[in-house]
Amino acid sequence: MRVRHYLRVYLEFIKRNIQVWAEGKLDFVIGIVAIFLTNVTTIVFFWVIFQHIPTLNGWSFAQLLFMFGFVALTTGIWHVFLTGCSPWSMDHLIRKGNLDRYMLRPINTLAVIIMRNIDEDGFGDVAAGIMLLLYSSSMLGIAWTPQMILAFALLMSGSIMVIFAITLFISSMAFWVTTVRSLMEMFWSAIRFAEYPMDIYSMSLVWILTYIFPIGFVSFYPSQFFFQNVQWMPFAYATPVVGIALLAIAYASWRYGLKNYTSVGH
Amino acid sequence: MPENIIEVKNVKKEFRTLKKKAGLKASLATLLSRKYKVIRALNGVSFEIKEGEFVGMIGPNGAGKSTMIKILTGILTPSSGKVTAMGLVPYESRQKYAQNVGVVFGQRTQLWWDLPVKDTFDLLRHIYSVPMDVYKENMKRFTEVLELDKYLHQPVRKLSLGERMRCDLAASLLHNPKIVFLDEPTIGLDVEAKFRIREFLKEQNRNGMTIILTTHDMGDIEELCPRTIIIDKGGIIYDGLTSKFRERVATQRALIVDFKEPSPKKIVLPSGAKIVNREGDRAVIGINIRKTTVAAVIKHVLSRYGVDDIATQEPSIEETIRKIYSEGI
Amino acid sequence: MALSQYTAIMLVRLKEQLTYRLDFIVGIVNPFIQLAVLWFIWAAIYNSSPEPIIGGFTFTMMMTYTAISVVMRSFMNPNTEYWVEEEVKTGSIAGALIKPLSYPMLCFSRDSGDVLSWLITKAPIILFAFIFLGIAGPVSLAFFLSLFLGYMINYTLVFITAMWAFWTAGYIWGMRLSRIIISELASGAIIPLSFFPIWSQNLLNMLPFQAVFSAPLLIYTGTIAGDAVLSSILMQLAWAATLSAIAYVLWRISIKRVVIQGG
């Protein structure tokens, strides 16, 4: 029952956001194009490197593009739908005292903060991700059967949950720390680790990226399913589970922060 | 006999904040270690509000008033003590509680900046699950009384403060809340807008809405609130009839006089008036209007001294509260 | 008199930066994270290469190049675009222009405050760690001169981008992103230009972006020496002068727009 209510409310928020986009016209397009282009630097990097080497540690150009496309799509979807509660948003909400307003609504605070914001810029990453995935999967001979698509959806959901959980956790830090922007910057630096095949990293780093800061599950492990690499299959399957577990922890952190929220100023 | 709709029992609230110092050396020191201090925002506050009351809650900034409101709306949890409202504990059942509460922040809007006003109303209708017939009826009523027709289809960013305030007010009442918290609803508004809003609020209150008003505008209090609660230094220093409190305020007026140069060394005043402050050519004269009138003092001053400018001033709430604190009601 | 005012602005900015302890820690850790990722990538690249020298660089040279590039990127991040954008959007630009200071100098002082704060608080630790990691290198006067010129050129590019704010009512987000994307690729910050196919190298060498990163980095790693260093520095000087002139002209034209549209 409540779920239907939330979906109905979400629909309304989506309608409002689309209205705002329609007003912004040029901004709308510029934003998407600009974000799309940020992906070009990495693609050019790969391309230039592969002028000099045949494979990267045994991984082909196509496989690298696939893994990068996977991250781009995950990040893109997160960017479009889940930035309402991003650390920057939280910083802003708390410092300007606008969080109070959302706490006074008869619906879950996190939900309404997320629903109010649909960031069209993220479509740039989504577009880049999809293009890269389609291109590289054709180069790799991956056939998109219904089963493959279902598997893709499941793995992608897990990947998105991992990113969402980590960013939500950082966002909840905004309740205690003056500014979380720098933490987010560090996160974006560290995300680069997720763009590359894990076997170029040292054993200890692989361990960290699997069990402590599990961004291995953002792109590398799920991708292994499509490359049919037997040695990493268990990790590939684990992706959705890891996502859910992390999300539970992050949400608990959020609830705790909200409960002890001392709204500042008027 | 109406029931208590809000009960506050011995509420205390403490905050921990960073000790900050000025200067470059201090900034570097902050990098290494941090010192905290505890602030007592509320020191054991108790009161009851009956359904249908219109209560003014005033107090100097930083005195605990906003903290109290935030606890009453469910945003903050008290360090100790208990609050119940409409059978719920606000900070424990926040979402359920919010369904029957309306809040207006004078200085911030809840309307979507880029969209027509009506669209925010529509959105709120969904969020609060307002039945269509109730929505339509409220829209009709609010649009009439607050004269919103012209603004409903305009984007919020194009509205003036007064227009936006009226829309914000309507937006918070769409779901027929039982309790409404208003924070500075008439700030920065012209006389007409204030009048309209006050009339609207009176009508809502007549219809049974419990309203709690926080403001720095004594006019709001005098017009709307039969009862006033004054919070200062974390405690209640007055909880009672506004009329009694009003007498206190009504006795004081201030006159600001800018004398022509060279300003008189000594200024003689009629009984009931005295110099409160003197700085160069400017003097602030306090007038007790039980003993004399503002007009009499002005006449007196003008007839004896060369004057560049005269202005009257009502004492601020802060000053009045300070007086009450030191002299009692 | 004017100098002490600008110094004051710089110091206020420095103070602001010191207030945030977390920012401080992250500011130090961040370059190391970036360096770590790049270290693994380049190690894998060189492992996968039939030749030990790629684009004229050995792995050790590449790591030195990358490490210094990371450090450079860590302090060459002028915030001027953000500030101008904000001030134009909110209209507070009028207030800034009324003050008896040159607005471009005001912007520059603010950013210099950032760099100063970086030098005082983060540089020592970063450099110490680098020495610990064994990434010392030929640090010459020529390098510092080149580095300084690189910073100035970068700043003028940022300032020119910021001027767009006057023409688009503050919306320079797209322009800024474009500048960053082009910079990342064309400046040699991530990959030395010698890796690029020859035809593109010629193109890239004609742009000012390589004068920001590539020029000082090539001096540091000893890739260019002797006369080549001199001509590189002269090239930077030429760019610095040209871009400053363009920035100044653009500034004078842009400021007229503010006056026309009313403060």
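The first chain written gets the first letter, and so on, giving A, B and C; residue counts start at 1 in each chain.
Convention: a residue touches a chain if its C-beta (ideal position, glycine included) is under 8 Å from a C-beta of that chain, and two chains touch if they have at least 3 such contacts.
Being a predicted model, the structure only gives us computed values, none of them experimental.
Colleague: Which chain wins if you rank chains by how close their C-alpha centre is to the centre of all protein C-alpha atoms?
Modeller: A
Colleague: Which chain's C-alpha centroid is most distant from that of subunit A?
Modeller: Chain B.
Colleague: Roughly how many whole angstrom separate the Cα centroids of subunit A and subunit B?
Modeller: Here the centre of subunit B sits 43 Å away from the centre of subunit A.
Colleague: On a C-alpha centroid basis, what's the spacing between subunit A and subunit C, in Å?
Modeller: 29
Colleague: Counting in whole Å, what is the centre-to-centre distance of subunit B and subunit C, each centre being its mean C-alpha position?
Modeller: Between these chains, centre-to-centre, one finds 50 Å.
Colleague: Going through subunit C residue by residue, note those that touch at least 2 other chains and give them in order.
Modeller: 19
Colleague: Please set out, as single numbers or ranges, the residues of subunit B touching at least two other chains.
Modeller: none
Colleague: Residues of subunit A touching 2+ other chains?
Modeller: Answer for subunit A, listing residues that touch two or more other chains: there are none.
Colleague: Along subunit A, where are the residues that touch subunit B in the complex?
Modeller: So the residues of subunit A touching subunit B come out as 5, 8-9, 12-13, 16, 19-20, 23, 97-98, 100-101, 103-108, 112, 259-263, 266.
Colleague: Quick check: in the complex, which residue numbers of subunit C touch subunit A?
Modeller: Contacts found on subunit C: 19-20, 22-23, 25-27, 29-30, 33-34, 36-37, 40-41, 43-45, 47-50, 54-55, 171, 173-174, 177-178, 181, 184-185, 190-191, 195-197.
Colleague: Where on subunit A does subunit C make contact in their complex?
Modeller: Checking each residue of subunit A against subunit C gives 27, 30-31, 33-35, 37-38, 40-41, 44-45, 48-49, 51-58, 177-183, 185-186, 189-190, 192-193, 196, 200-202, 205.
Colleague: Which of the residues in subunit B end up touching subunit A in this complex?
Modeller: Counting only subunit B, the residues touching subunit A are 15, 66, 70, 73-77, 94-96, 98-99, 101, 103, 105, 107-108, 110, 112, 114-115, 119, 122-123, 126-129, 183.
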